[in-house]
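In what follows, subunit A forms one complex with subunit B and a second complex with subunit C.
The block that comes next holds the complex of A and B.
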């Protein structure tokens, strides 16, 4: 598809991939997928595939970056070179530095950092396959991985993007919608508290569209929260029942 | 260590005063510090502006170079926005490669300009697929008195408005005017003790736990948002901030930037 070529984003009230305006892509969450990490999560959001690992709390290096009052959160969002159409040069670029900052700040309100002065809680997100919305997928996975690592948190953080394509405000843009759409707005929130921990927007939206988009995204975060919660419960139910059977035997 | 204690004392005193309804310099919560813009301050740049908001002092220069377009967009020019937080501007700034603060600053300003489609990128194309103008918007912070984003965004649009295309330098003929179609402006707000404060100075920035930058255009539409900071915000606060941001941007636009006809 070339620029300037008209794409019909909306047809009979449905989007290119057949979704309605307020429909999420398929989400799959697996908890505890890595051996060495203290906590981990594999997550699919449509064609996005991401994996998150958590290490810590452990000693913060370098020492001068320690905080005497609370743990420091390190968050690294990283794209695999083969995760996008044009190979991404390995290592942090400006985009991933910004995403890492925004993602870290999305978790600062919920992680009980004051329990671990001078420590580091490290979150590593690797994007294995990218199809728009990787930062939100990364935050969702990181949230579950933090819980899996047993990091004390006030709540899970859930994240999703809304955007504008073909003149309509729609939920959870896929890559085509993101590349050729008019606006993209990722948010993260504490679902049970209904407060926003991350918000970005690029493109162009009217004030009204912004308000509607925010509502749409907040509603979807509640759905994602349930999926995250269910994935965690399933994982630990399984673990408990295995232990129980072992004891019985 | 001593400095850290001072930091806490200062944060507490800012929060206390705000909760009593008082702001440094008797400023209203919704009031900007004094703004001044000086255009065309760097002779060698294609366009430039120096913006002061209170003690904050930012210089923005626009340079155009010839280069190759990106393969996925062969018929448009390129904008590259960069920010340097040089150590002369603040005791907290260190020399070295760009850090997350300077990257965020540059990317938020860039987002506003891109989202509003201020610069007609198609006009920056010379030979499709071969030769285009690469436009560098360089933000040079001279004094950090807080709220760098708003000063940088205002400086960027002011610099663009007086920028010329340097055809002659590259033996090209053509129109030297750079078409600047919109005036995206950033308005940054913080929440302290339940109050929304526009244009935070650096003590207020340190005392606040969350911050929202709202970038809006001449028609009142939004072309960029960025929340930062370690606290969460309610939907109501965000909606109110967006409202205030659009209104404040309108006032600054009216006073300092003529809308391009």
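The block that comes next holds the complex of A and C.
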């Protein structure tokens, strides 16, 4: 695809990949995939493949960055060199530092940080394969991994992007729509409370389009929340015996 | 039937009984961790995983990681380091414990059974030696998640009693998830296997019976050989 070339994003009310405007890509969530991490999650959102690992709470290093009243959250978003078409130069760059920051702040309202003064809770999100919306996939995976690690939280965080392509507000952009579309707006929220914890926007939307986009994203976050929830619950039901014997001692 | 919950799940309306692993908001009790609900006396959510946070009175197994006069700095499998004061050892030392000779009593990597005597708001943790427990050079250390400790002990100690009896081992289960086993090598191996079995099946029912069965069958195998 050449730059400046016109793309027909919408055909007969369907998008390039055959989805409707308010349709999510396929989501697959697997909990506890890493042996060494305290909590982990593997997540696929369409062609995005991400893995999240959580460590801690553990001692905060460097010491001067400790907070005497609450735990510090460290969030590292990192793209693998092979996650995109042209090899990505490894290591943190402007973009990944920014994404790490907004993702961390998306979790600050839910994690019970005051339970662990002076400690650090570390979240590592690795993007193995990228197809637009990796930060939302990363937040969804990190949320499940945090729960798996036994980190006390008020709620799970769910996240999805909306955008504008071919003059239409659509949900969950894929790579082509993201690169050649008119706007992209990733949102993270506490689904159960409809509280937004992160919101970014790239491109332009009218007030009306913003409102419609937000509504689409909120509905989608509820769907994602249910998927995160089932992934966690299923993990313990899978084992042969479902019943939990009366707690002992 | 016990219910698996995730953070933010509604647990109960009874705010007065809200216990560990829950939080209260707008007159309702919600789960704060991923675990199972226990509402026998107070409403608690028993977490599946997590890190040990020391509580006054707990007996734990620690490892000396640093000597910094007049303290030994002890790792107790928690996000926080603990300290053991020189005077704790001085009581039973023959010579005066002084700057420079602390390692003669407890050296790096030595294991100690200690009691948490104080935890302050800054999470400074003070320890005292648990003198009736001498976990010295012999035996084997197993590390499991502290959340599984009540399961290893069992109701009123039923599980641990059976383990000790059938494995013919001395077993000490510390609150921080470290387990000390002392006995004959094959006995320790059996105990190790059983403990592993308990931790992987901690959330299932009828575990005590299954463990008993497993112990009996493996004992018979040994006899046949």
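We take it that the second predicted complex is superposed on the first by the 239 of 249 C-alpha atoms of A that agree within 3 Å, B and C clash if a C-alpha of one lies under 4 Å from a C-alpha of the other, contacts with A are read in each partner's own complex, and residues count from 1 in each chain.
The rule we apply is simple: a contact is a pair of C-beta atoms (placed from the backbone, for glycine too) under 8 Å apart; a residue touches a chain by one contact, two chains touch by 3 or more.
For clarity, every value in this text was computed on a predicted model and none was experimentally measured.
Undergrad: Considering only touches as defined above, state whether A:153 meets subunit B (first), subunit C (second), both or neither.
TA: In the superposed model, A:153 contacts subunit C only, not subunit B.
Undergrad: Just subunit B (first), just subunit C (second), both, or neither: which does A:232 touch?
TA: After superposition on chain A, A:232 lies in contact with subunit C alone.
Undergrad: Going by the contact rule set out at the top, does A:196 touch subunit B (first), subunit C (second), both, or neither?
TA: first
Undergrad: Let me test your reading of the model: by the given contact rule, A:74 touches which partner, first (subunit B), second (subunit C), both or neither?
TA: neither
Undergrad: Is A:112 touching the first partner subunit B, the second partner subunit C, both, or neither of them?
TA: The answer is second: A:112 touches subunit C but not subunit B.
Undergrad: Between subunit B (first) and subunit C (second), which, if any, makes contact with A:205: first, second, both or neither?
TA: A:205 contacts subunit B only, not subunit C.
Undergrad: Which subunit A residues lie in the overlap of the subunit B contact set and the subunit C contact set?
TA: 68, 190
Undergrad: Help me check something: in the complex, which residues belonging to subunit C touch subunit A?
TA: 1-2, 4, 6-8, 21, 23, 25, 30, 32-36, 38, 40, 46-51, 53, 79-81, 121-123, 147, 150-151, 153-159, 201, 203-207
Undergrad: Can you tell me which positions in subunit A touch subunit C when the two form their complex?
TA: 38-39, 56-59, 68, 110, 112, 115-119, 147-156, 190, 192, 228-229, 232-233, 236-237, 239-249
Undergrad: Touching subunit A in the complex: which residues of subunit B?
TA: Answer in residue numbers: 4, 71-73, 75-76, 98, 100, 103-104, 106-107, 111, 114-117, 212, 217, 220-235, 238-239, 242-243, 246.
Undergrad: Which part of subunit A faces subunit B closely enough to touch in the complex?
TA: Per the touch definition, subunit A meets subunit B at residues 3, 68, 86, 94-95, 97-98, 100-102, 105, 108-109, 183, 185, 189-190, 193-207, 210-211, 214-215, 218.
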